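Next come two complexes, and both contain chain A; in the first it sits with chain B, in the second with chain C.
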Partner chain A sequence: MSASTALHIDWTRCRGRGMCTELLTGLGRDEWGYPLVAGGGSDLPIRTHDVEAADDAVALCPVLALSIRPARPTR
Partner chain B sequence: MTEAFWALGRASGVVLLLLMTVSMLLGLLTRSGRPLVRLPRFGVLLAHRNIALLSVVFLGVHVVSLLLDPYAQLKLIDVVVPFGAARAPIAVGLGAVALDLMLAVAITALLRRRLGHRVFRVVHWAAYVLWPIALLHGVTAGSDGRSLPFLALSAFTATAVGAAVVWRMTDHFVEYRRIRTEPAR
Partner chain C sequence: MSSTSTPDLARATLGVPRLLTGHGPGYGEHLRALGPLPQRAGLVDEIARSGLTGRGGAAFPTSTKLAAMAPRGVVIGNGSEGEPLSAKDELLLHNRPHLVIDGLLATAHALAARRLHLVVGAASEEPVRRALRERGDADAIEVTVAPDRFVGGEASAVVDLLATGRGLPKDHAVRLTTRGLRGRSTLVQNVETLAHIGLIARVGGERWGAVGVPEDRGTRLFSISGDVAHPGVIEAPGGSSLRSLIAPSSPQPVSAVLVGGYHGAWVGRDALERTVGASSKHGAIPAGAGILVVLGDRSCGLRTAAEIAAYLAAESAGQCGPCVNGLPALADLVSRVADGDRDPRLPAQVERMAGLVEGRGACHHPDGTAKMVRSALVAFADDVAAHQHGFCRAAR
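So, the complex of A and B:
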């Protein structure tokens, strides 16, 4: 199952306030509190059961650093 | 019946002070990025948002009940344009200023994603002005504003908000601030 959308983190806006890391299981938190996408990068593939959580994360991000965009094809 | 509007106007004012105080405290906690005991960070944010919106509802109750109360002699224009009211123009005018600011803060918060973060943030700072103006309005315009119970409540809420603002200005207000400012090795 390949995700068709991804949660994109705009690192120029992110201040590591941690809301998204509470809402999405796939997001960890690095030692400075910033979200950590498994495998690195700025896009977290959204799995089907995470669609609502991803929408909530976009709506609740206090600095509007999150957006949903089409997932890039995997290599 | 007219007594009921007066009572509702006063009661909703006291409720407003409590809701706006809790909203300030939760808003500051949201900014710190810290959870509240068992309440996660997004829970603190949602509680802040919902209590703030509830205070807008109570502001509606407060204004409508006093518009219907003949003793308050309040005209619709006095609700939004400050310092022109027939009774206690200064005290009522402070309420109008607070109402205008609260509507600006609420509307820009609801349209945050459309307006962009910068507009939202700048207008949201008005909360720090709006809360003390609203408190002053309660003490000066309220018919029991200088009674001991209300003054005690005012002092209590002012202490709570004041302490939170002092905490806001301290070095380690933001979660992870300590580790983020640690010099690199």
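So, the complex of A and C:
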């Protein structure tokens, strides 16, 4: 079953501080420090056991770059 | 009969060309050719019947976008044309400004929109303002000059330009038609698309769509440049082959063509018989915003691709980390391939870097750049191999 929500990265805000990548196993870091979603793109599908970690990431990102969205990209 | 002042367009069919008809830009000539803009009931349905798709690059069905609009919204005509090799929007705004204005007014009327904007390049400002002064029904249209920037034509950048004066792409959580300029439902439509709507408003969707092919109806403007004797803009019906599109420009013997502009894809000469169309469905090469760059067989495609990649890297709007860092890195790798760096790992590194930037920006600039670069590695695979062995087929 596919996740119904996703953690979305607003790249215009993200400064690559890496807080989120420590909270979520699905996020790596690229060579410049920016979060890297395993399958690529700007949205990490949130699996059930990640819901809390995703909420924490949203709350803790120092530049408010993260948000929870419906899993289907909207554009 | 022949001196009748209002042409009977209701019964006329439209031929090719219909946008680049060659008459002057004045309102008098416009009215003599087409008559006044009728207040057509059911314009949205007519547009759906026409099969019109956006001519700004994304080729989205225009009627779908219109259907997503709420009343009292904003309609923005987008003639900002950030692509340096695109010339069609400027040509249209100089030669047929009234047809574009008609399309904007008709669309706004059909959607009961409250705000009307026309965003144009600096070179088109005067012709557009002159045209607006010539008629009494267009006072509501506000003209704004777009900065000359590659990503400035992106829909969210156009909205940002009107909202803040900056013109930078934005990360949008919802579609602009849901929440755009100052929170209002907003439609951003390319000026060529609007010109077509100006015609549909007169003859109806069916007659407008009588030329072309079922999967790509009507006509489209193409900006043709590169290794050709006669660069310029042409108008062609849907279903045209790449060969027929570039023929009038008298190209040099063709090695490849970049279809769709700097965010487009390189295709080799074996693709000349393929159709250039709205989308890749039915085997067509996507037209994008209608830019065709011809590469003659004496030019090095890898060199050209490297130069474009470097330009695109410099045009990053500087907002998103993966774009800011990844595009220069990608351009650097491509230029090493072009320079004849014989490191065998290079092609794989180009692939990896293209994959690393793709989908990781607020706008499609990284995706488009990655696509252009990837297509170059495929179309110029022989050249990549030659460069790796220390040769360049174009060197002389």
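To be clear about the criterion, the second predicted complex is superposed on the first by the 72 of 75 C-alpha atoms of A that agree within 3 Å, B and C clash if a C-alpha of one lies under 4 Å from a C-alpha of the other, contacts with A are read in each partner's own complex, and residues count from 1 in each chain.
Keep this in mind: a contact is a pair of C-beta atoms (placed from the backbone, for glycine too) under 8 Å apart; a residue touches a chain by one contact, two chains touch by 3 or more.
Keep in mind it's a predicted model, so treat the numbers as computed, not measured.
**Q** Put the two structures on top of each other at chain A: do chain B and chain C fit, or clash?
**A** Chain B/chain C on chain A - fit side by side.
**Q** Using the superposition on chain A described above, determine whether A:64 touches chain B (first), chain C (second), both, or neither.
**A** In the superposition, A:64 touches chain B alone.
**Q** Tell me the contact category for A:42 with respect to chain B and chain C: first, second, both or neither.
**A** The second partner, chain C, only.
**Q** In the superposed arrangement, does A:52 touch chain B (first), chain C (second), both or neither?
**A** neither
**Q** Identify which of chain B and chain C touches the larger number of residues of chain A.
**A** Touched residues of chain A are more numerous for C.
**Q** Which partner does A:8 reach: the first (chain B), the second (chain C), both, or neither?
**A** second
**Q** In the superposed arrangement, does A:32 touch chain B (first), chain C (second), both or neither?
**A** both
**Q** First (chain B), second (chain C), both or neither: which does A:16 touch?
**A** both
**Q** Report, in whole Å, the shortest distance between any C-alpha atom of chain B and any C-alpha atom of chain C after the two complexes are superposed.
**A** Minimum over all C-alpha pairs of chain B and chain C: 5 Å.
**Q** Across the two complexes, find the residues of chain A that touch chain B and also touch chain C.
**A** In the superposed arrangement, which is not itself an observed complex, chain A uses residues 13, 15-16, 31-33 for both chain B and chain C.
**Q** Within the complex, which stretch of chain A touches chain B?
**A** 13, 15-19, 22-23, 31-33, 56, 59-60, 62-64
**Q** For the complex, which residues does chain A have touching chain C?
**A** 8-16, 30-34, 36, 40-42, 67, 69, 74-75
**Q** Mind pulling up the chain B residues that touch chain A in the complex?
**A** 30-31, 33, 40-42, 45-46, 112-113, 116-117, 175-176, 179-180
**Q** Enumerate the contact residues on chain C facing chain A in the complex.
**A** 168-175, 319-323, 325-326, 355-356, 358-362
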